[in-house]
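By letter and in written order, the chains are A, B, C, D and E; residue numbering begins at 1 in each of them.
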Amino acid sequence: MQDLVFYFIAGCACVFAVLAVTQRSIFHCALWLAMTLLSVAGVYFYLEAPFLGAIQILVYVGGIITLFVFAIKLTAHIEDKSIRQLNTQWLPAALISLLLFYILIQAFASHPWKNIIPNAPVTSLQVIGRSLMTGYALPFEFMSVILLGALVGAIVIGKVKK
Amino acid sequence: MIPLLSSIVFLPLLGAVMLLLIPSQMVKLIRTVSVLITGSVLILSLYLMMHFDTSRMMMQFTEYHPWLSGLNIWYFVGVDGLSLGLVVLTALLGLIACLASMGIEQRVKEYFIFYLLLMTGMLGTFLALDLVLFYIFWEVVLIPMYFLIGIWGGPRREYAAVKFFLYTLAASVLMLVAILGVYFLSNPHTFNILELAYVGFAPHWQLILFCAFFLAFAVKVPVFPFHTWLPDAHVEAPTPISVLLAGVLLKMGGYGIFRICLPLFKHAAHELAYIVGILGAINVFYGACVAFAQTDFKKMIAYSSVSHMGFVLLGAASLTATGFNGAVLEMFNHGIITAGMFLLVGVLYDRAHTRELKLFGGLSSSMPIYAFCLTFLALASLGLPGLGGFVGEFLSLAAVFGVFPWLGVITVLGLVITVIYFLTMLGEVLLGAVNPKCSAYQEMNGRELWCVVPLMMIALIVGFYPHSVLQFQEAVLLSLSRLF
Amino acid sequence: MMNIAHYVPLSPLLAFVINIIFGRKLKSASAAVAIAASIGSLILSVKVYQGLSFGYGSYHLGQWLTINGKALNFGIIVDPLTVMMLLIVSFIGTLILIYSTGYMHGDIRYSRYFAYISLFMSSMLGLVLSDNFVMLLICWEGVGLCSYLLISFWHERPAAVAAGIKAFVTTRIGDTGLLIGMLILFFTCGTFYFCDLATVKGPEPLMTLAAILIFTGAMGKSAQFPLHVWLPDAMEGPTAVSALIHAATMVAAGVYLVARCFPLFVAHPIALETVAVIGAISALMAASIAVVTNDIKRVMAYSTISQLGLMMLALGVGGLSAGTFHLMTHAFFKALLFLCAGSVIHAVGTQDIQKMGGLFSTLKITSSTFIVGTLALAGIFPFAGFWSKDEILITAWNNHHPIFFGVVLLTSFLTAFYMGRLIFLVLFGKSRSDLHPHESPASMTVPLIVLSLFACFVGFIGSPLKEAGRMEAGVETYWIMLASSVVSISAIFLAYFVYLRGFLPVSIRSRFKGLHDLLSHKYYIDEFYDFIFVKPCALLCRMAYSFDFHVIDGLVNLVADLAQSVSGVLRKFQTGFAQNYLLVQALGLVVIIIWLLKI
Amino acid sequence: MTPLGYFTLMSAFLFCTGIYGVLTRRNLIGILISIELILNAANINLVAFNKYLGSSDGMGQVLALFVVAIAAAASVVGLVLIIAIYRNAKSVFVEDFNLMKE
Amino acid sequence: MVDLQYLYPELVLFGFALISLIWGVLSSNKSLIASLAFTGLICALLLLPSTFDASTSAFSGLLVGDGFSAFFRALILLATALIIMLSMADLDILDEDKGEYYFFLLSLAVSLMLAVSSRNLLMIYVSVEAVSVLSYILVAYFKRDVFSSEAGIKYFLFGALSTGVMLYGISLLYGIFGNLDLLSISAAVAKASVVSPVFLIAIVFVLGGMAFKCSLVPFHMAAPDAYQGAPTPVSAFLSVGPKAMGFALLIRFLFTGDSPLIVQWSCLAQALAMITMTVGNMIALKQTNVKRMLAYSSIAHAGFMLIALAVGTSLGIKAILFYLFVYVFMNIGAFGSVIYTNREEISQYAGLSRKNPYAALMMTISLLSLAGLPPLSGFMAKFVVIAAAVQSKFYALAIVAVLNSVLALFYYLKIIKMMYLSKEDDASPLNISSVLTLVLTLTLVANLFLGIWPHGAIQWITLP
């Protein structure tokens, strides 16, 4: 039963992902991406990582997708459905992707992962919190540098003096 | 005590730094300083020659200091009979070419800076006894040479300069790999050329390393089929630089063969002597043939250099003391004679602004002194007995006859062609009907004459009394030949 | 024996140095310098000759080189052969220098001329004094150089320049053989010294080859077939030079060399045979060409080739004494003839004998001496040529070479015939053009007279090498003298009838037209060489250059161009289109993964 | 519970889809979308491994958390760059940006 | 607080970054910001030695304080200092957003320093992302310049994909080993008897991300476009800083532990080294833009350094370090000359030696040093690399390498030819500034000194 839930969510995620990269309208793509991200959040929940799922919804769906939509609106005419969204190298790209996929699943299949059932305790929020404040305090703090940099960068590049 | 060899090597460098500080408008001062520096180098090298002990085959005046101890590279210089002649030759031609450079009007400061750097590189190459040091000096020569050809050269100077630079560099970088190969194959690891001579490398390694070194030297010599940079470089280079190119740079290749290829890789030298000999014979014959087909005066002399340097290879290939003596003497003689030839070509070019042989004629009436000098040097160059060229060629030839008679025969045929093209050249330039254009040419002036006269004197002295040069090299070359 | 022989060549060398450096200041005094030096040499030579009675051999002045551990010295050899040559060279040289003061009077390069002659004499004297091959070769090339310089002395004339080059190169080809030969000798027997030649032993056929190669050098120098082509052209030089170098001395150096190496040749009969055959061919061929030649100097030149051929033949049949004897007599009368020819040319200003005629009346002295020289050359009793030719004939006969004997007789006939033709056309008959000849100055006629005296009487001296190869002139050989005299005299008479009396029917003329063409084209040898050697060689050189330019240099440039074009291709991958880049990256990753997984 | 293999399978699929998108979308924003897919693929792996293999400090989740934050930052920068070039070149199609090539 | 002490230089640097940011926003007088940033760097450099005696690892093993990271941190500080001086002189950057510019530059330096001292893939990933994000911004810093924007976009696309793939690889590694600490990964690898395909794939993905930073083929393709479009000081920095970081990470990744990964990966590295050198040099042959040419040349140099990595010996590592050290001076010298001469097209260099001999000389020395001609420092660097290759008997690699250096000279000569040999004159004005003169003279001295007397710098390199 549980498996079925997973299959459904995973299936949705995959289908949405494919749609997100193939749809003509970029706006639709962004929406399909949102759906994919939501499905992935569902997977997180399924994996008993609710915190991460929540973050996924908040940051990704709430933040990033919104940004995307803004950007799409700002870059006006590209919504037009008549504009081709696939470039000329789609065929080699598809082949490469398929090949890569094939290689990956072959490799994964040969690895003892395929049948592993979880045996460890669920990582609780407390554990994550403690980790962030102790062992991973440095990257956690450092994240602020990245975010600040991105922020300032966005302002510097984005602002236009008239 | 002053380190004599280091002074010889680095005095020009010091001079270059001094020139750097002189404003470029003070042309006279720049010229004076350059002449003084090259003159002092000559004096020092003559002092060296006088205090050189001819009876010892060991390195003399050695300086041995740690340089990059981590890399086991030493500042190790020394002089023996093999290098002494070439050092003196370099110093002499350095001064003469410097005097001949007085005619340079453009960018004088840069010219002499590059010129002095070139001197340092050349002298260092002949004196270095550590492979890395040798390599560094070897390459240092390329850069100023590139500029000297490229800036002050003829119409196709850029092509010629780049070709020279890349061609010789391409060959010498392989030598770098070989140098490192030698280092890691020797035990204990060392770059010291003298110590390496005692290391018996495995036979197959000897072959490979010999070839790698030989290739680098072959391009410099230049050996057929790696010679095509030479005519281009010679034709485009300004006269003094042609003098150094022919007089000294080509000798670096020959010197390398004797300093490195032969003593370090005895087995390979034995195995490959035949091939070296064949290349030498081809050089002599082929160079002469191609020289005969030239219509450009300078190009003809350039190809004649190819032809003459074949004797160096032949002498080396014989692996006998006679051949070695011949080859090293031939290097010296060729340096003297061809340098003189280039000076004379330059004299003519300054007046006519062309080097087409066909455009001259009957110069011996308007320029008798010039005609005498040219005839003298041409005869010396074609190996007329009694003049310098003959002795080296004869010794090489005699030695090669004892080892590879057929190569000797081919070589001798090449000599016949040499006679033909030199005489044809003399006929076209000096003799024949007087070309009205040429009748107005000024006779050589004092500076031009005094640049050539010492060379002619030396050619004559060596021709009649070869011992004057041979005495320095005989001992060391004999000991070298004993290795085989 | 006194060790003063080495001073003999130094005296003219000094003259050379003085003349070349101060020539332009000395002006006409340069002749005096040269002559003084030459006389000095002559005196020294005489001293050396006197010294001979104390014994002879060689001595060393010092070491020159070391070759394969063997010392090579400045060595001087003094023996009758050398002394004979010394005397000939210095004596004739002196006379010719005196002659030249008149002949070259007013030339713009007067002092240069005397400098060259002095250098030549120095080299030539050095040549005959050398006791080893290497020193000989040095001087050998030195005389060749002087020959070159003097042939192209009037270098405003392109023909003179070409002739100089031809002479130098042709002899150099022979020298190549000499060089190889002596090196073979050195590496098989370990010596360069002439004195060892009598005792050397070496493997056959290498030794024979060495001997023949050494002879090749002699062929070049002595203008023997097939290397004779330079000598007629060499007549472009001043006539006095032709007399000295191309008649009396330098061309004899080849004969001298064979004589000097005679023990080697004797030890190898095939080589000796070769010498004789080449000599015979040259003698006949040159004599036959001389019959139809119209240029007075070229007649002399062919005559010289022919006579040198006779000397070679003599040596080849084993007549060392006969050969050297003829060398000596020939030196005098041929120098005389050349100088006479020079005087004639000086007088009439042309060299074409068809334009001369009847000069005897105006040029008394010249003509008389000319006739003396002719008789000597023709071998008329009692002139010099008679004796030496007779000795050749005797040697050939005694050594059982009837064919060569016949060749010599035939050559004698031809020689007498063309010389007869020459004097009848030049000196007698009527003048065939309006020339105003005048007798030459005393500086020219005195040497003529002196030489003609020698041409008359030198034959009585006999071969200087009698001791070495003495031949008893028995009673049975008188018929040989008789035969040779008859042959010569009849030839002169024939020439008299043909050329002076015009006693030659047109029918005969036309019948021999083919032969005449063949002869007047010198057997087409020049054309043949041009076709076989000169053109192919030039072509080879041009091809070599074009190979060098297009193939070898082409390859070098190709590498550079290749790098450039590879660069051009590679940079096309950098399309500027970012997703291409990404594709390359992805592809790269996949390829690397596949590669690693497979391995 | 679902075997780990399925999660890796899913992540591989998303990863490859993302790669495909990056390589084929003409629109820069489309590429950005595809890149998000790649990051999510990695995150699924991280979280799944974290659960299945066990980890005392929850490293997988921590890293996934960082990835989300970084993805946000990167997206911001990416979008700003897109806007900047849109301002300069009036296009958001990748193939239009080839001023610099070869 | 031992852990924090290790981070003093980074903290100080970041502090100065913030100050410059704030100053830039608040004050209208922006001329001192560069000096401020420079001061920060000097402070960081001064503080750096105090961290050397700190514990060998900090932050629960995320960072290591070994000599290796010390070297790279110093190197990065040095490069940044030189770049700041270049930036002071580059006219275009003086316009606006100066405070922000130095903020980014200093933050980038902080990120790089963190990256090179990381021993944990998590930390590596985070800092690499920081480096990426900051460098995207810097590349596109001329926001009104379409070239700069295009360069930024391309760099961004490439960087995002690379780090994405790298992250995926890291996630797989996490799946395999349950840990991201390089020491424990290496220990686990040593124990495992069979190499699993997943492991291989994961490693390739991770290495791919690092290779992008080093601009190794086939991850090099954005580099030329980015270098050409970016502000010149940024190009200079990209070719030095992130490249150094990339190599530091590669070394850290491949050489950690007792049985380093490099043993299995040498073959791949050799192949990539050869291809990278050749491709970089080949394409550079036909370039007409100096910055673009230098970009290709920096690709080729990366290939050269990869040789030493492929060799996998301690000499090889030392060779890379020395090479990078030297490369900082050579390359910044070259880029600095580009700024000084104010010329980007090769044809504009015509006659420069007459117009300004000093500039021409500086350019020439840098280029010849890049080409590896003695007695300049580039030669010594190449010498050590080739020595390492020959020592390990990688002869083919050594030969390809030296032949490539000939190829390289071919295009460096093009500029030199223009400057010295060309008879024409280009009238473009130069950008003469005293700071730049100082930088160039400094690089010149370093180029000569490290070539002739590299004793001090090289004493830790010992040929066996």
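Simple rule for what comes next: contacts are C-beta pairs under 8 Å (C-beta built on N, C-alpha and C of every residue); 3 or more make two chains touch, one makes a residue touch a chain.
In this text, all values refer to a predicted model and were calculated from it rather than measured experimentally.
A.B. asks: In contact with chain B and with chain C at once: which chains are those? Just list them.
C.D. replies: Chains touching both chain B and chain C: E.
A.B. asks: Going chain by chain, each one touching the next, work out the least steps from chain A to chain D.
C.D. replies: 1
A.B. asks: Using C-alpha centroids, which chain lies at the maximum separation from chain C?
C.D. replies: Chain centre farthest from chain C's centre: A.
A.B. asks: Skim through the chains and flag the pair connected by the most C-beta pairs in contact.
C.D. replies: Greatest count of contact pairs is found between chains A-D.
A.B. asks: Averaging the CA atoms per chain, pick out the one whose centre lands closest to the mean of every protein CA shown.
C.D. replies: That would be B.
A.B. asks: Taking each chain's centre as the mean position of its Cα atoms, how many Å separate chain C from chain E?
C.D. replies: The computed centroid separation for chain C versus chain E comes out at 78 Å.
A.B. asks: Per the centroid of Cα atoms for each chain, what is the distance between chain D and chain E, given in Å?
C.D. replies: Centres of chain D and chain E (C-alpha means) sit 26 Å apart.
A.B. asks: Using Cα averages as centroids, what's the distance between chain A and chain B in whole Å?
C.D. replies: Inter-chain centre distance comes to 71 Å.
A.B. asks: Could you give the separation in Å between the centres of chain B and chain D, each centre being the mean of its C-alpha atoms?
C.D. replies: The separation of the two C-alpha centroids amounts to 65 Å.
A.B. asks: Find every residue in chain D that makes contact with two or more other chains and list them.
C.D. replies: 8, 15, 18-19, 22-24, 31-32, 43, 48, 50, 53-55, 59-60, 62, 66, 70, 73-74, 77, 81-82, 84, 87, 94-95, 97, 99-102, in rising order.
A.B. asks: What positions in chain C touch 2 or more of the other chains?
C.D. replies: Answer for chain C, listing residues that touch two or more other chains: 560, 571, 574, 576, 578-580, 582-583, 586-587, 589, 593, 597.
A.B. asks: Quick check: what residues of chain B touch more than one other chain, meaning two or more?
C.D. replies: 166
A.B. asks: Which of the chains touch, listed as pairs?
C.D. replies: Pairwise, the chains that meet the contact rule are A-C, A-D, A-E, B-C, B-E, C-D, C-E, D-E.
A.B. asks: Per the contact definition, I'd like the list of chain C residues that touch chain E in the complex.
C.D. replies: By the definition above, chain C touches chain E via 560, 563-564, 566-568, 570-571, 574, 576, 578-582, 584-589, 592-593, 595-597, 599.
A.B. asks: Which residues of chain E touch chain A in the complex?
C.D. replies: On the chain E side, the touching residues are 7, 14, 21, 59-60, 62-63, 96-97, 100, 103-104, 107, 110-111, 114, 122-123, 126-127, 129-130, 133-134, 136-137, 140-141, 143, 152, 175-176, 196-198, 200-201.
A.B. asks: For chain A, which residues count as touching chain D in their complex?
C.D. replies: Contact set of chain A toward chain D: 2-3, 6-7, 10, 13-14, 17-18, 20-21, 26, 29-30, 33, 36-37, 40, 43-44, 46-49, 51-52, 55-56, 59-60, 63-64, 67-68, 70-72, 74-75, 78, 83-87, 89-90, 93-94, 96-98, 100-101, 104-105, 108-109, 113-123, 127-128, 130-132, 135-136, 139-140, 143, 146-147, 149-151, 153-154, 157-158, 160.
A.B. asks: Which residues of chain C touch chain B once you look at their complex with the stated criterion?
C.D. replies: On the chain C side, the touching residues are 20, 63-69, 134, 137-142, 145, 148, 152, 155-156, 158, 160-162, 164-165, 168-169, 172-173, 176, 179-180, 183-184, 186-187, 537-538, 540-542, 544-546, 548, 552-553, 555-556, 560.
A.B. asks: Help me check something: in the complex, which residues belonging to chain E touch chain D?
C.D. replies: Touching chain D from chain E are residues 122, 125-126, 129, 132-133, 136-137, 140, 143-147, 149-154, 156-157, 160-161, 164-165, 167-168, 170-172, 174-175, 178-180, 224-225, 228-229, 283, 286, 292.
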